[in-house]
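You will see two complexes here that share chain A, one where it goes with chain B and one where it goes with chain C.
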Partner chain A sequence: MMKKLAVLGIVAFAIASILILPQKGEAVVTSNASTTTSATVAVYIAIQLSPTLQTGIVFSNLQQGTTDNNADGNNYGSGGTDYWINVSSDTNVNVDYCIKADGPLTSGSNTIALSNYYFANSTTTDANTPSLSAKKAFTTSYQKMDTGLDNTQNEYLRFWLDVPAGQAPGTYENTVYFQAVEAGQNCVD
Partner chain B sequence: MKKTLIFLAVFLAFLSTCRAQTLGIGYLTTSEEVTAGEVICIEYGIGNPSDKPVYAYLDTLGDLKNYTYSVPEPELIPAHTMYAGKNLEGLVVQKICFLVEEFPEDKCPAWHIKGGVYPKATEVGGVNQTGSKVISSVVAPLELIVKPPWSEWRSIGKGVLCGDYKCPINQECLVRENICGQKEYKCAFVQRQQIPIILIIVPLAGIGIGIGIYFRRKK
Partner chain C sequence: MCHKGNLKMMEKIKQLSYLFLSIVLLLLAYFLPKITEFILATPFVYKPITYNETYVAVEVFERGQKVIVRANVSDDLNDIDQVRINITDPNNVKKVEFELMTDTGESCGTNCTIYEYNYTIQSTDPGGTWEVWVWANDSYDNTASNSTTFKVCVISISLSSVLSNGVNFDGCSPTGEYCYATGNNGDGVTDYNITITAKGCNADLYVKGNQSYLTTDSQQIPISNIEVAYSTTDSTVPTTYDPIGTAFSQGAIGSNLEDGTVVYLKFRLYVPSGQSAGTYNAGLKFQGVQNGYSPVD
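Right after this comes the complex of A and B.
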């Protein structure tokens, strides 16, 4: 009797194995397969600041209660400005320029508000261009200057500063940011 | 105090060591699609049109700042590193990575995160007189289009409507969902794996032996 049961057990196990094992081997194989091929031409932008602009925007010999003080490289009324930016020759798109300041000019706890600090821009320069009459006050968010410049054009700049009457003596500093982006794009703060 | 007090200022002799650096950036994309929870890395090329080598690395601006996963180490960008005119050739290539860990439901169906990538010089110029330090940058705009993560594909059977159509008779319909309530369907073959021959022979042999023993005992 025991032998019969053993034999039946082996047979049952064998049949069960045949029926069950292939079910365990079931697998889902997806039929979707795709390849995307794309070719994109790289955009390259590089700018260079003029040697004078690289060293910063400096105002010497400021006096209290004066307006429209020229930055040292302005040469306003006497020749072209020493402040300019150009696009390097390997740049392959036109560019837009933006400008902003990080905050008021500061000396310790004293400040000169940005509403007293101006710039003007132009793609040409001479004794009167960029012009004082076209000046705009700095802000802490980017303002667009000239747009769509190619690698043969320069962006010329001049800077002026008003010093309010009674302004405490000191060395006032801030940071001015220039940004170049592909023409038509927004500058990013 | 005199009304015409002069603000004294002195140029530093070493102004040349404090010059603002100018760099270039090359890019192949301004928009990338990414799934929340997955890291995406994008390559940019850095150029240097100046006469002076500069240490620089890629950094981000705008809303992308909050989702920057890793920025490269500062790397020397040799003087006169120029774009060779094809892909990013000629430039020093660096990779910057982004990760949006979670997808908020109120951003459905896709979350657009905007900003820019730019080469940041480790050396920043300065003035020591009334005026401004100058920092210039060239920025590659970048928009990440973030999609919510999908669930795993699951089968909803054969012969059922699979999105807008029915699958072929030998395929099953699979579906996956996301938190925006979107569903994607696809048809898939359900393939049975090849069963090793030994898994067939051994049970069959067992049956044969069992039957043989049974009949021999019966005799």
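Right after this comes the complex of A and C.
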């Protein structure tokens, strides 16, 4: 009997709560307005160099009258190259890569022409890739390398230098530039 | 001789006084009950009460709603002749002018009857405070009156011209950072605002996205990446931002707003790292509702 009364009491309380407690009703009086929203996300490209490439392309112990001398990071014939470039993970378009040099390698008044300075590129690397057989001479205008790479892919590079016979001793320097442009666009000198 | 004449004159005045007194007494005997009746029988109108259609006493109504005005009217002799009503809108226009109220036949006590009048608020009726006057006449043309008010809640919201033109985020970098809407004007006074018109009630204001994503072709950015900050007092808007959802209930941007309040807004968008380049589009919706009520999606 007491149990029944308790149950009845709980049910009555629940019903009373629903009926008595204030409920937030849906508004009848409303006023509406709308507008558009638009977000333009810009093309964003951030190029990065491998750690070895950041320290420079170095040819050690060169002898005059030699050709196809490997840059120190090439690891040609022994492993993958230490030279590569890529774009950051927040780069939001596929890219084409470009490369150029600012001029001949110079040491004081002595120079080594850019026609003696080569590069080869590939999206993969091993002991033979990028390959010497695919080498191209540097120019002072950008040359396009691999195209349509996304932000997970690397552009691997190797460099070779011919040292003409009779080249004066010295430390020869120039600057090599890399550029990533939105896929399909021209390199911008 | 002179003394005798004075006595006679005095006697005449005395007789005339008695005659006048008798007439006054006769007149009083005739009119006193009527004066008493006049005083006692004056009708009395209790303060009218406004009800909704289900006869719940209500003070705030909406357009389209029926207002039921009820007045308890008493008269000692129970000879109420007629009960009339005036209903005047906030612009002082008489919407109901001296109309007869209906005798419901319901008693409100001894010699007391409930009178009723129904008025449906039209879609063009103004919001604000309305006035109700009720008069009662008895058969002696004694009158009494009483009044009350009710409110009609009308809300409208008006977007600033820049806000109407759209909330635009230009030149956003996909670097996992916030991009701020051009109309924010940086830390300066925002060009985005909403003016509240709330007559007869206060308003709550809400915002939501019209879809779950800003989209461009196959790419998308969640609408919740748009965040809004708001203020009714600071046109430069504090930098506390809340995400926008797809339901108004997720986007309260002002509550209990009085008529004439301006709500200042700023927007920002979180652009995920590596988000594809392009122009992403969606819509924003705003809703003003009567204070305390849920918005309607």
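The rule we apply is simple: the second predicted complex is superposed on the first by the 150 of 189 C-alpha atoms of A that agree within 3 Å, B and C clash if a C-alpha of one lies under 4 Å from a C-alpha of the other, contacts with A are read in each partner's own complex, and residues count from 1 in each chain.
In this text, a contact is a pair of C-beta atoms (placed from the backbone, for glycine too) under 8 Å apart; a residue touches a chain by one contact, two chains touch by 3 or more.
This is a predicted model, so every value here is computed, not measured.
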> With the two structures laid over each other on chain A, which partner does A:177 touch: chain B (first), chain C (second), both, or neither?
Replying inline: first
> First (chain B), second (chain C), both or neither: which does A:101 touch?
Replying inline: first
> Now for A:91: first (chain B), second (chain C), both, or neither, which partner does it touch?
Replying inline: both
> Touch check for A:43: first (chain B), second (chain C), both, or neither?
Replying inline: both
>> Per the contact definition in the header, classify A:60: touching chain B only (first), chain C only (second), both, or neither.
In response: first
> chain B or chain C: which reaches more residues on chain A?
Replying inline: B
> If you stack the two complexes on chain A, which partner ends up touching A:189: first (chain B), second (chain C), both, or neither?
Replying inline: first
> Can you list the residues of chain A that meet both chain B and chain C?
Replying inline: 25-32, 40, 42-44, 90-92
>> Quick check: in the complex, which residue numbers of chain A touch chain B?
In response: 3-4, 7-8, 10-11, 13-15, 17-18, 21-22, 25-32, 40, 42-49, 51, 53-65, 71, 85, 88, 90-92, 101, 105, 107, 159, 161, 163, 165, 169-182, 185-189
>> For a test of understanding, state which residues of chain B touch chain A in their complex under the given definition.
In response: 3-9, 11, 15-16, 18-20, 22-30, 45, 47-50, 61-62, 82-83, 85-88, 91, 114-116, 125-141, 153, 155, 171-172, 174, 186-195, 199-200, 202-204, 206-207, 209-211, 213-214, 217
> Considering the complex alone, what residue numbers of chain C touch chain A?
Replying inline: 62-63, 65, 153-159, 163-176, 179, 194, 201, 203, 209-210, 214, 221, 226, 267, 269, 271, 273-290, 292-296
> Considering the complex alone, what residue numbers of chain A touch chain C?
Replying inline: 24-44, 89-93, 151
